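Chain IDs A, B and C follow the sequence of writing; residue 1 opens each chain.
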Amino acid sequence: MSVLTMPAQPDQDTAPRPVPWRRMAWITWRQQRATLIAVPAVLAAVAVFLVIFGLKAHHDYAALVNCPLNQGQQSSACAELFRTFNSTDWPLANACSILIGLAPVLIGAFAGAPLLARELENGTYRFAWTQGLVRERQAIAKLALLGLTLVVLAGAFGELFSWFFQPFLWTEQMNRLTDGVFDSSGIVFPAFTLAAFAIGAFLGMLLRRVIPALAATLGVYLAIRLAEWGVRKYYPVAVVTSNTKIFGQFETPSVPGYPWILSTWVTGPGGKPASQSVANQILNGPGPGAGTSVASGAGAPSAGGSVPPGYTEWNRWIPLSHYWPMQFIEAGWLLVLAVALMAGTVWLVRHRAA
Amino acid sequence: MNVIETCELGKRYGKSWALRDCTLTLPAGHLAALVGPNGAGKSTLMNMAAGLTAPTSGTVTGLGGHPAGSPAALNGVAFVAQDAPVYRNLSAGDMLHLTRNLNQRFDTAFARARLADLGIPLNKKAGKLSGGQQSQLALTLALARRPRLLILDEPLAALDPLARQDFLAAVMTAMADDGVSVLLSSHQVAELERVADFLIVLSRAQLQVASEVDDLLAGHRLLTGPTGEADEYAGRLTVVQTRRGDAQTHLLARTGETAAPAPPGWESHQVSLEEVVMAYLRSPGVSEPAPLTRLQRPQPTEATR
Amino acid sequence: MTVFTTPASRLDRDAGPESGPAPWSGMLWITWRQHRGLLITVSVVFCAAVAGLLVTGLRIHHDYALLSACRPATSAACLGMSNFFNSTDWHEGEYLHVAVQAAPVLIAMFAGPPVVARELETRTYRYAWTQGIGRVRWTVAKLALLGSLLTILAFAISQLLTWFFAPFMTTQQLTVLTPTVFDTSGLSYAAWTLTAFCLGAFLGTLLRRTLPAMAATLGVYIGLAAATWFYLRDHYPVKTFWPMQLFEAGWLLALSAALIAATLWLVRRYAD
């Protein structure tokens, strides 16, 4: 057997160089090919479905738009339109919205957990971590490239879903601030996806095994999601007013739904809080537009009448116009979490003995 | 330049030490054989030298003082781990491309030519290659990186006798043409005897021998003589292993470079590498002290024998 | 050097109580040991779900009792109570219901595929499938043990959930035929859990790799559930609760059996 050799190359500069992005891009593509093909493929399939179904929903909605939302005021034709819409279009859309809620964690977990854990589990890290490009740089490049791809895909998909769901905001009396709708729109949806990906990668590196990391990612994501629901009402974007006439009974299609009312209270003469019975009477008593929901996500109109002189009804609420500030706050802390977890992952790569 | 230097290197997993108090120096330009029974610490030592595992105690540096695992060391050290891990889902061609992208130096032409020579198709998934082919693929990738030091953890295990010869020939050629130093672990001492010129013996997590083969063989002799005189004679020597029979006793002793002539009635034979290795493996607690050779750094408080 | 030999009678392999195929009871310990993580996680999740449903359910039932007894019904106080029940309590109930509904497929996704796929992926089937018990019995034992456990736990949770959700049937004007309620009552929930598990096991054996099989299980299950919701249920012969439940449990059981049979067939003919 002959062995071909080439003359030895002179020593090249061994000082640390910036990460060769093009090379790492090829490496990430080749190693994560399955994920990078499967995720867009699945999203594309769902997108096709959303487009087809969404066009139908928008078409049905266009016919409804001129009908009043109040059932008592609808003509029989309008009532019929609403009935079909609510029995065929809405259940499917509702199911979709629940699944969309799971999408970030599924994408993030399936992409993130195996990223590093798979190499540790099947021993190929013994090859990858003894190459010239130090292991931390490989990890950083993989996290950045894959994370960026997922953010872009999730962002596009989120926009599509917002378009798809838009007719149902009015018919189901929701708005962009409602739980579930807020998380699947704007920049929060891709932020959740990135956070889930970072959680998956970190847990994968921590636990060193893919399946346990996947399960743990689901659990941690669920905990974060629940925490987020609880914490959102404390974002510093709420306003307090006493003008309850700004809440209509039923909004028109151009301003769907009600703003998010966080709390309601009544003050009496001199600004002191009213007694419980009086407050009850004012807030819940019979009168036009009775009934206030306290700390509900969707919100309901507050009492519009029967406020005796000297008493004022106050509401602490978040107007729809504060949607984007809220999005930025939420995406902001999700981004900080994601970056912190990725940094933690790189730290583990560097310091974890094989 | 020393390609590997360790100073009281140790690694503990949980409560047990996989390697302890290992101080050795491997000069450049040698093919070092690392031998020892299973569980002796061979893989642990190699993992630490390659920068894969961090030591629990002590230090290990490579290629003239760079800490193991640092970018300079990673650049110049090519490591093939036990059972030659390759990405099962990537083809051999993909593995070439991958290794080229992960290193500053990679000789693609050489790698392709060698794989073609070995009959390993570039488009076949690495997981579908035979064990021997995977080993050859891993070695090709390592050689193509043009390293200064090649560390091979039991590379011959999956190879048939013919493939083993070819593998060792390839390693020797790389050494001759490119000046690569090699650290290679194996169970087959006899096979390595023909190619290795440096020997490291580990047993029960301790270093037993770390010496050039020539010096080792020159410094040990097999002494055969009457059993009655054996104890008295052995007291005057550093005996590594004793084999006692009814009439004759064989003593494998460390005699140093200048050996005193054997007393009458005793015969003195040269030893083979395998005999020396087996003797040290069977006699734990007797370890070869770091010999003073011209290539080693002198220890400050070394007492000469 | 001497060579020791044993008298021939001591090496008689055909005699003794060990003749015949290996006993099934061995598989009990093996299944526990190889799927310990899964079994512990499932137990923890189950206990957490039971605790959550009990604690929340008792409170909701209490609130509902107060609400029903509140007189006069149109007074401010009673209307306030009603508002609270229909918003805060209902949200809690709704979320728990959705969570319980989503759990089986997520658990089955983790439980089903690894049974066979993990052995194939890590190549330990070369050990496991050459033992005395044989590959088919090995697979049957594992699937039966894990599948029955999940089905029984699912049935228990669904009964608890039915009790939990009872007040909302009135306040939200739901019927037992409302799709989400139908899914989680009677036999339906347990049957869907079993099917998800069998689907996972089959896809794991077919695809031979755990992670893709998990994703595929999720996808196929969602498709099947959607098809049932929006199409299949319209074509059931009888439209009352128990006949529909029996019919659905029936075809799901048949599907599960078919998936298991297909899994065993794949295992039998597996060749590397």
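Annotations for the structure displayed:
By definition in this document, a contact is a pair of C-beta atoms (placed from the backbone, for glycine too) under 8 Å apart; a residue touches a chain by one contact, two chains touch by 3 or more.
As the structure is a computational prediction, the values presented were derived from the model and not from experiment.
Interchain contacts link the chains end to end along an open line, per the touch definition above.
The interface carrying the most C-beta pairs in contact is the one between chains A-B. Averaging C-alpha coordinates per chain places the centre of subunit A 56 Å away from that of subunit B.
Centroid to centroid, with C-alpha atoms defining each point, subunit B and subunit C lie 54 Å apart.
Averaged C-alpha coordinates put the centre of subunit A at 28 Å from the centre of subunit C.
The touching residues of subunit A, counted against subunit B in their complex, run 1-6, 8-9, 12, 14, 16, 20, 23-24, 26-27, 30-31, 122-124, 126-134, 138, 351, 353-354.
Subunit B contributes residues 47, 50-54, 71-72, 74-79, 81, 83, 85-88, 90, 94, 97-99, 101-105, 107, 109-110, 113-114, 117-118, 138, 145-146, 166, 169-170, 173-174, 177-179 to its touches with subunit A in the complex.
Those residues of subunit A that touch subunit C in the complex are listed here as 34, 38, 42, 91-92, 95, 98-99, 102, 106, 110, 114, 210-212, 214-215, 218, 277, 280-281, 283-286, 290-297, 300. The part of subunit C that touches subunit A in the complex is made up of residues 37, 41, 74, 76-77, 79-80, 83-84, 87-88, 91, 98, 102, 106, 110, 114, 179, 210-212, 214-215, 218-219, 222, 226, 229-230.
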